[in-house]
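First chain A sits with chain B, and in the next complex the same chain sits with chain C.
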Partner chain A sequence: MNRRDYLFRKIVFGLITLCIVVTIDFFLFRVLPGDPVRAVIGRNVRISKENQQALREQFGLDKPIFPDQFFDTLGQWVHGNLGISWSLRRPVGEVLISKLGSTLLLISLGQIFSIVLGIALGLFAGWKRKKAVDVGALTFSLIAWATPTFWLGIILLAVGSSLFGLPTGGSVDPANVNKTFFENLPDIARHLILPTLTFTIVYLGEYMLIMRSSVLEVLGEDYILTAKAKGMSNWQVMRKHALKNAMLPIVTLIALNLGFTVSGAIYVETVFSYDGLGKLFQDALAKQDFPLLQGAFLLLAVSVIIANMLADILYTYLDPRVRQT
Partner chain B sequence: MRVGWMGKPDTLNPAYAFLTESYIIFDLIFNPLVTEAPDGKYVGALAKEWKHSDDGLTWTFTLKDNIKFHDGTPVTADDAAWPINAVMKDPEGWSTLANYVAGFKEVKAIDAKTVRITLDNPIGNMEYRLSFLYALPRKDFEQFKTAEDLQNFNNDKAIGTGPFKLKQFDKDKGVLILDANPDYFDGPPKIDQIIFQTFDNSDALVQALKAGDVDMVTEVPQSAFATVKGFANVKAVQTPGRYFVEMIINSVAADHDPKPTRNPALEDPQVRLAIAHAINKKDLVDVVLQDLGKPATTIVPPILGGGFWHNGDIKDVEFDLAKANQILEDAGYKMGSDGVRAKDKVKLEFRLQYPSDNPLYPRAADLITGWFKQVGIKATPQSVNPDALTAAITPAGDYDLVLWGWGPDPDPDFILSVMTTEQFVEGGWSDSGYHNPQYDELYKKQQQTANPDERQKIIWQMQEMVFNDRPYIVIWYEDILQAYRSDRFKGFIESPLGIESQASLMQAEPVK
Partner chain C sequence: MSERWILFKRNLGGFWKAFRRSRMGKIGAFLLITALFLAVFAPLLTPYQPTDTIRDANGRGLTFAPPSVHGPLGTDDAGRDVWTQLVYGARISLMIGFVAGSLAMFIGSAFGIFAGYYGGKLDTLLMRITDIFLVIPDLPLTLILIAVVRQMNLGIPPLVVLIAVIGLLYWTSTARLIRSQVLSIKERQFVARARAIGASNSHIIRKHIFPQVLPLIVASTVLIISTAILVESGLAFLGLGDPTQPSWGTMLNFAFDRSAISNGAWWFYLPPGLAIVWVTLGCVLLGNVLEEMFNPRLTAHHLEGDEKMIARPTPEG
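Entry: the complex of A and B
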């Protein structure tokens, strides 16, 4: 099979997965206990029973879930319309896009740092197996991996704000919000330090551990011995033979993680009151804002599927065996 | 000044605002005719003075001088009258304010300075109702043709008459900035600017106060209050609040449709009395609430109307386990070998449910279960999703005992309505199923009693009914917990209205 067919097959499978996920999500939200109208208005004494009913009709909740609500929603989506958020009373697409930027910034910085550091640390630890460096790095990674995100976040927040005067919340100072992105860059960066650090530490451990064991496995292979026998230096062996092979599990892990990072972002964003998608998802769930939830999960599903497709494609470059099957 | 809080306004459009945060901002940027003062009395906001006819059907308000909108337009009586008319004409569109104009017949600007309101029947809480009807610029709101258009309007360039004017509101970015209004008719505030910052995490909010990122916190979490008290340069403020926690006893009529599902022993007034004797409210306040409140008696908290509406004559049922035992014994509930009393095979076994979103309830339930055990009542504590619990209560009536809370309005009308029979329907506010025709009658009567002393008498009587029939055993009243940086600001008024109220922020000033 050539690469084009392979890609085509992956895209078709991706689309099928997407349809299934979206359908499951639709029904999943609707079997949640509770009444979205009540959730939107809270225990508000000012809303009469008549108004609650009007709201219910406006949301389309007076109709049966299947087929009416389901096909109404599907019809909207086919027209590229994600609906109107009940709690924010704004188009879902618009809301998602407005929050996407800051979350992408946070996630990508966190991932880049944790991937680069994790790989470097794992490689180094694997190489210096059983030396003090290895033991130290291993201990650190195990602890980092096991630490709950929100706990680490709160500790870093307390330390960072008391000792280094770093901001306690937000993605930018509210007084600066009217300035342009570039004028605000120093302020945005200051607000990013603690959340990014939290993100990095939490994911660093996992990458390091996988990289280390992967390196150890590769180093035991015959071709490494052969390479050494050819008289290559340790560094050359690492770079030319070990690294490339040891990278395969990491690529899988990164692709898998891309989906989970958004959920990880929920913790980090909540701790640091960081204005992004994670926080939006949490609010949407708490308020049972179905259109927003569906939009959010659509975005999540699409990003996970794309990440996995990218990983598959990357595999074809990293591992010739995949290309040939 | 920077204010840190855990929420943000849902909209600045009074026609359709739900959240407390919205009303905090309305209080600062808008003015109604009259408003609640820190002592619970009503004072003129836009109105210099007002009077009503002897029959209570005609109210006349005279406006103060030099009132201007933030854009400089002078405010006339018409600007105060038209929003009230708009609400009356389109109750569906102005749905959050519609309740306040029920019973209004006509609102008219007689001349540039006088507003006259005529009523269909006397209204007991006229001033309270008017305190939510703000003067608004006509042109901002009259453009909307349908209720939906009106409600979708976010009013994020809100123009009002208040001591602060909106500089910027961007809900997406979570930005809310108010500037002082130098032309305010009662003199400008001493604080130049207020920036509101939303936090998603209460620990971070407390840390922000400590680090000085914010100057005021409108709601300090109960668990953090002791810590905040210890901060340098921070004044922690504890004032009696309106919020209370109660034990709901299933009081749904036996012939209600659908039929209530409960332990029938709860229908016995002696069992209810014994339950009341077996709850140590003082211990609950000390241990669970960490002393951040007071033991409670009635559904009308002591601070409403500055203490005017709360029936202080009601003497609480004392905590006395021996007495509780005796009452049950006398009522024929004999102790079984398993330590649970029973009469005619009806065992005193109850579900004790509470919503899962409040960390205080499980601890309270634990203590209560322990006391109950000593009098031969077996309670099974159970944490339930709040929405599921609501569904189990109304309309199903499927519960025995429930711990939950209410935050009543400044006027007792709302919390009294919770106990009326007609509210026990899906979407209604009753969660006890209390049904007492005499109470319902009194409820209507207090609504139409314009004389405060007479209304007080009725309301006291209603509290007594609820206290004696025990659809609720009100357990505690919670204090409002706030804090501010005393090294930066001073002069706040500590009252049930909160240090962020208009009255308080008009007094507050930076520390030089």
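Entry: the complex of A and C
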């Protein structure tokens, strides 16, 4: 199979997954009891029967759910029209976009720190298998895996706020909301320390483990033996042959992890009252704001699927072997 | 003696030998057994009920009493004994973990065995389904599923919803693991022989494939239980647990919501989390040791032992 076929298959798979997610998202919220017209006009709003009927017709809710309503809704979604949030009384799309930036900032910082540290530590641990470094790294990642993200957040929150005077929540101090972004930068950074630390610790263990087992696998390959037999030192073998090949699975893991980072964002943002998509999702859940939940799920799932497709495409450039498989 | 029986005996004998040697496995088993002990003997370990309010000499409720005032783990915001909640919470957390984990194991094994054994289109289909599950962000999906089922008012107890959703969503890793094992088992001679004497597919699956993957299924169940317990604690923390049957996650939800942190009540928010880590770690240690025994992989390492060259061990079989 050549690369074009491989890419074609990956993209088709991604599109199928997208269709499934969209279908789940549409029908899941349609099995709810109650009138879907409320999803459009908001809860607790008094509107006369005639006006409700007019609205129902205007939004096509008098038509059959499938195919008419389904494709109508799909068309609306494509145009970024995700309905009105019940609790915030604002368009869902607008609400989501306003929270997107802070979540992206938090997730990217956490991922960058954990990936860089994870690759370095994992490489070292795999190289020195069964030595103290390795045992330490393994123990750490096992405990990190077994620790619930939100509980780690609670501990860091308790320690960080009482011992180091770090803020206990929010993404910026309420006194500073009217200042410009650059004036607020130090304050924003202070609010980011604990959530980012939580994120980094949670994902570090996993990257380290994957890097370690990937290094171990590569070091078992015949070309390493050949390089060694040619008289290269361990360090040379590591740098010239092992490192690049061992890093390949990390690319896949980053993409696959995006789904888990979304979970992480929900926990971390809830614990630190950090004003992003994760907290928004949790609030929507607590308030049973279904249009907001539906829109947030759509945004999260679609971004993760697209990111995975991009990672697959990137992978064909990094690993020439997939062109032949 | 048949090859199958020899393989089985070798698995079992090798298992005990390897297990006795493995410190990780022993630690894991210890962690799990102590947690089970707490859960089973909860009523004997505490004089109170989880809902009892502890009162001081004047009859006032003891709120946020530290362990020095009321032992061994103090009281919560409503004056209830934290240790009592912890041991009774073990019952809920472990029960959810075991039941949801078993459900996921059942689905995952069925998928893995059928996909691996029949191969072809069925395999492709089943594996694409697991791929799709792998890509969709699982926590948001879990949350909206639970929220929607609750809203539908079907009268299903919240814990049953929790168990069902966890079981139905977290089976993909088992499916992959079992499938790859089945792929290698079905190439073995005893399967070919059974087929040659006219055994049906269902006979081969029941009598030849299943017994061979069973140990791996057990190992993977232990691992899934840890996932299920972690996921449940998270969902309960986000407020989806059953407040009348508090698990460790529910305790943490209470602690967080009722400002145990700003009150410095570490005895309220540390123990439930430690208990979760305790059990999950136990499952992971035990599960990994079991999995490694039944599914041996890495042996060679060409950069081990300083600068000397080492010969690669001959691969088995």
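Note that in this section the second predicted complex is superposed on the first by the 261 of 325 C-alpha atoms of A that agree within 3 Å, B and C clash if a C-alpha of one lies under 4 Å from a C-alpha of the other, contacts with A are read in each partner's own complex, and residues count from 1 in each chain.
The rule is simple: a contact is a pair of C-beta atoms (placed from the backbone, for glycine too) under 8 Å apart; a residue touches a chain by one contact, two chains touch by 3 or more.
Source: prediction; values computed, not measured.
Contact comparison for chain A: of chain B and chain C, C touches the greater number of residues.
Contacts of A:V271 after superposition on the shared chain: both chain B and chain C are touched. Legend: residue contacts after superposition of the two complexes on their common chain; A:A158 is shown touching both chain B and chain C. In the superposition on chain A, A:L121 makes contact with neither chain B nor chain C. By the document's definition of touching, neither partner reaches A:I201: not chain B, not chain C. Of the two partner chains, chain C is the only one that A:N234 touches; chain B does not reach it. Look at A:L82: by the touch rule set out above, it reaches neither chain B nor chain C. Common to the chain B and chain C contact sets on chain A are residues 33, 154, 157-158, 161-162, 168, 270-271.
The residues of chain A lying in touch with chain C in their complex are 13, 16-17, 20-21, 24, 28-29, 31-33, 127, 129, 142-143, 145-151, 154-155, 157-158, 161-162, 168, 213, 216-217, 219-221, 224-225, 228-229, 233-234, 237-238, 242, 256, 258-260, 262-263, 266-267, 270-271, 281-282, 285-286, 288, 290, 293-294, 296-297, 300-301, 304-305, 308.
Against chain A, the residues of chain C that register as touching in their complex are 128, 131-132, 134-141, 143-145, 147-148, 151-153, 226, 230, 233-234, 237-240, 249, 252, 255-256, 261-262, 264, 266, 269-270, 272-273, 276-277, 280-281, 284-285, 298-304, 307, 309, 312. Residues of chain B that touch chain A in their complex: 4, 10-11, 18-19, 92, 95-99, 148, 151-152, 154, 168, 170-177, 195-201, 203-205, 207-208, 210-211, 213, 385-388, 390-391, 406-407, 409, 414, 425, 427-429.
The touching residues of chain A, when paired with chain B in their complex, are 33-35, 38-49, 51-54, 58, 87-89, 95, 98-99, 154, 157-158, 161-162, 165, 167-170, 172, 174-175, 177-178, 269-275, 279.
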